[in-house]
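Consider the two complexes below, in which chain A is the common component and chain B and chain C are the respective partners.
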Partner chain A sequence: MFDDYTVTILIMMAVWSIVTLGLNVITGFAGQFNLGIGVYMGTGAYVSAMLTTQAGFGFWSAMPLAIVAAAMMGALTGLPALRVREDSLAVLTIGLVFVFESLLVYLPYFGGPVGISRIPRATFAGVPLTNNGYLVIALLALAAAIGICWYVKRSWLGLALESVREDEHATSVIGIYPARFKLYAFTIGAALAGLGGVIYTHFIRFISPYDFGFMPSIYVLVMLVFGGIGTIRGAVFGACLLTMLPELIRFVQDYRNLMYGCVLVLLMLYQPRGLLGSDSFVWLQLLRAKNSLRLFFTNGRSYAQNS
Partner chain B sequence: MSGAVISQQIVNALALGSVYAMIAVGLAMIYGVLRILHIAHAGVYAAGAYLGLYFFKVTDNFFIALVLSMLITGVLGALIERFIYRPMLPKPRIVALIASIGLFICLSDLFRIIAGPYQMAFDYPALSGQVTMSGLSVPRVDFAIIGGTAAIFGLLWFIMQKTNIGFGIRAVAQDIETAKVMGINVDRSIQAVFFLSSAIAAFGAIMVSVLYNAVYTNMGDMIGYKGLALIVIGGFGSLPGAALAAFLLGFAETIFTTYSDVPLSREGIAMFMLVLLILFRPQGLLGKA
Partner chain C sequence: MLKIHDATRKFGGLTAVNQVSFGVDAQEILGVIGPNGAGKTTFFNLVSGAIPLSSGQIVFNGVNTGGMAPHRIAHLGIGRTFQIVRPFGELTVLENAMAGIGSRFCTNFVRSLGLYQRRLHLDEARELLSRTHLLPYQNETARNLPLGLLRRLEIARALALRPKLILLDESFSGLSHKEAASLVDLVRELRRDGMTVLLIEHNMQITMDLCDRLVVLDRGQKIAEGLPASVRNDERVIAAYLGNDD
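The block that comes next holds the complex of A and B.
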């Protein structure tokens, strides 16, 4: 279908999209700062890697356990997060990701600084999958993640999360207990990030603690903010674009961090809602284009008259 | 374990704590007036070290280099406030935080492009080497760090308590709107805070580069993250709290790395302290609930 290089980029785009969607549930929907999404991605990746290399599990039986483990990690780290807000929470999550990384490095049980290697390929019906086959699994996982996010956003849970984000006091006054919904957000977001970690692990097949440290967590945040925080399309768009860009333009690869940093600062100065966020310039233009297209095809009658 | 070893460790811990305190107090001052987490302080810190090294090579005079670097880094900090943070103040809190992260990523890559990815030596013979007295062997620069920190904090205390600028800063930290109504030049006070904290960071950075004889692109990273952890541990916006937390961390790191084999890196200790403290005392050591 595609050559290996293209497939690799596509799979990485799917992986980072899933993780960014996870962060979007925590930071975008529920408004809880999190600079340590790597903890959850790493939990999913490490649990799956340990189960398949040491306990003889297969890809399919290890995946649900890894996702549950990541969700539990989310609930566990969500507990201290209930006590603090905003800035303290941002610093706390930085702290958590460093503790997580240094525990993985210093405990020989987890392979220490060299990490875990020789992780088996994913199989389907007993046959190891090729890269093309794995791409299908990655895309299915991405579709599932998008579906979950869409459901969360549309359901009453999404409404409750949004009200927690906008005003915690008012939320508790109308009978929604903010702590509970913050925990839900952490659990769902962590489970999604864990799913991303599982997909990542069985594709790269070699993981080290530094793959899930502070800088990768920051990159995920950059992707989310770049695309548009709080929106599903923004999360997927940001993750895909920023994964693809360094591959497309060699120049960008050498100055990747400089460019990321400048773009982030400029975006925050002029388009704080990201490229495809709710009332960003590009999104408004797209909506306007859609409207004029509709008018064009309905011979200038407005949508209301047409229906 | 002899008394000499213990006093040696105490000097080490004090010097380490002093460096942390310089960063943490700067961050706490900035948080105090603007309520933002200035993650890019790590980049400002590295800029101070690079500027100091540059001026030291050009002028060959350590003190001129130190003063020039502190002044220019201070101006750099004030410029960051003027052109990046000030337009963002009315927007949601996460905007300034993410811009700060972006600036931080940008700065450390800028140093790599300008100065090269390799570690550079900062060799100042008058401060390098060890002092040996009665069985005690301590890096000479440790004394410069401790003395310099005492002098800087004394000066900072004087500025904050006895001058008009300090009065303005304290007023702005309490309530920006009321300060403005009372006729205080809010913008000038905020600029002064950024200038002071960046200059202090430059001093700390130059001292650390002499201590380890190294200037490199991401030298500020770890100390910057620890500084953020320290202002949370100390209680947000509390300067004595930040300084106290910094010295506690200096001692904790010295003790843990010397006498125990807990499975935590030096970085892990500060962050572990942070997580534990937030669980039991979310308002910080000296913060008000």
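The block that comes next holds the complex of A and C.
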């Protein structure tokens, strides 16, 4: 269907989209700073890799366990967020990701600095999947992640998370316990990032601690901020574009950090909500275009708003 | 319904609220007044659980609320607004009201997974907004609203939990004459619906007009309590506001 190169890019776009969606639940919905999303992605990846290389698990049986492990890691690292806020929390999560990376490097049990290799391919009905087949799985995982985020956003849970982001004390005064919902956000976000880690691991089939350290965590944050923090479309768009861009434009690949840095500075100055965030320039233009199209096709009759 | 026994709160060497005791009857509108720095807002924070008591007791409908977290006190039936408004700025007016309704569903994980955009809940939220005259603004983002509307939005949000007692912290300040008058009507309406209202207010005309009784705080202590007319002529109250020449 696609050549290997294209499939690789598409799968990596799906992986980073899933991880960015996870960060979006924690930072976008619930407003809890997290510069260490790599911890959860890495937990998912390592648990799945260990189970399949050493404990004889298959891809499908290792995946749920890896996701549960990542979720537990999320709940555990969410505990400090109950006491620490905003900038202190950001610094604390940087600390966590360094501890996580170092532990993986120093403990030979996890393969040390060389990591884990010869991770088996995913199988389907006993047959190892081709890259094209794996792309289907990655896209299904992405669809599931989008579905979960979509549902969370429309549930009382999602509304409570956004209330916590806006004003923690006001949230408690109307009868919602903020600590409980912060933990939910960390758990759900970490589970999603863990899913991304599992998909990553069984595609790359060789992982090292540095794949889930501080820099990858920052890249994920850049993707989220770039696309539009707090929105599902922004998370997926940012992750896809910033995964694709270095491949499309050679120049970007050589100067990846330089470009990411400049993008961040410019966005914060001129479009702090990201490219597709609510109230952002591009998104407002798209909405306007949609409305014009709608008027065009209904011969100028505007729809009655249902509210 | 609310009994306060020797409520005291110390911040380091400063006693912000000092052995304040009084009771609030059901369906009463009680005003807490006093000069700036008298400890009125600190007192409200003690009742709503935002800060714990240093000593003393606050009993609401027979339940001692000492040491309870704010969300649990809210579920007992105490709602409040803030002197410096705290709306959920990025959410719409309707979503702010929905968040208040959501507190009934956010008591456990499974219940909180319900979808909120159901007709039943939307109608309830719009009912709250229409009571507070916010319905025309339901789709506005809260942070774009002027102060007068935000004060009413905080009331709408607090009403969602169907409180028995509502604490209004200077809800009238910064409002135009007309806005204040419509808020006075709303407060009377709330009482007619069976609610008890405890309010902090600087505008003497409003407090004299609206409140059944007044409690006067000065430097953390209760210096007077009684009907508005008698409080107004109390020597200690006049001295607290104007200073005395001793």
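Simple rule for what comes next: the second predicted complex is superposed on the first by the 304 of 307 C-alpha atoms of A that agree within 3 Å, B and C clash if a C-alpha of one lies under 4 Å from a C-alpha of the other, contacts with A are read in each partner's own complex, and residues count from 1 in each chain.
Just so it is clear, a residue touches a chain if its C-beta (ideal position, glycine included) is under 8 Å from a C-beta of that chain, and two chains touch if they have at least 3 such contacts.
Bear in mind the structure is a predicted one, so any value in this text is a computation, not a measurement.
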Original post:
Can A:F33 be said to touch chain B (first), chain C (second), both, or neither?
Top reply: first
**OP:** Name the contact category of A:I148: first (chain B only), second (chain C only), both, or neither.
**Re:** neither
**OP:** Return first, second, both or neither, reflecting whether A:H169 touches chain B, chain C, both chains, or no partner chain.
**Re:** second
**OP:** State whether A:L65 touches chain B only (first), chain C only (second), both chains, or neither.
**Re:** neither
Original post:
Between chain B (first) and chain C (second), which, if any, makes contact with A:Y184: first, second, both or neither?
Top reply: second
Subject >> Which of chain B and chain C A:L157 touches, first, second, both or neither >> reply: second
**OP:** Compare chain B and chain C by how many residues of chain A each one touches, and report the one with more.
**Re:** B
**OP:** Pick one for A:L96: touches chain B only (first), chain C only (second), both, or neither.
**Re:** first
Original post:
Touching A:M244 in the superposition: chain B (first), chain C (second), both, neither?
Top reply: neither
Subject >> Footprint overlap on chain A, where chain B in one structure and chain C in the other make contact >> reply: none
Subject >> Complex contacts: residues of chain A adjacent to chain B >> reply: 27, 33, 35, 80, 83-84, 86-88, 90-92, 94-96, 98-99, 102-103, 105-107, 214, 218, 221-222, 225, 229, 255-258, 260-265, 267-269, 272
Original post:
So in the complex, which bits of chain C are touching chain A?
Top reply: 48, 50, 69-71, 74-75, 79-80, 82, 86-91, 94-95, 98-100, 102-106, 109, 111-117, 122, 138-139, 157-158, 160-161
Original post:
Which chain A residues qualify as touching chain C in the complex?
Top reply: 151, 154-157, 159-160, 162-163, 165-167, 169-178, 180-181, 184, 230, 307
Subject >> Residues of chain B defined as touching chain A within the complex >> reply: 31, 35-37, 84, 87-88, 91-99, 101-110, 113, 225, 228-229, 231-232, 236, 263-265, 267-268, 270-272, 274-275, 278-279, 282
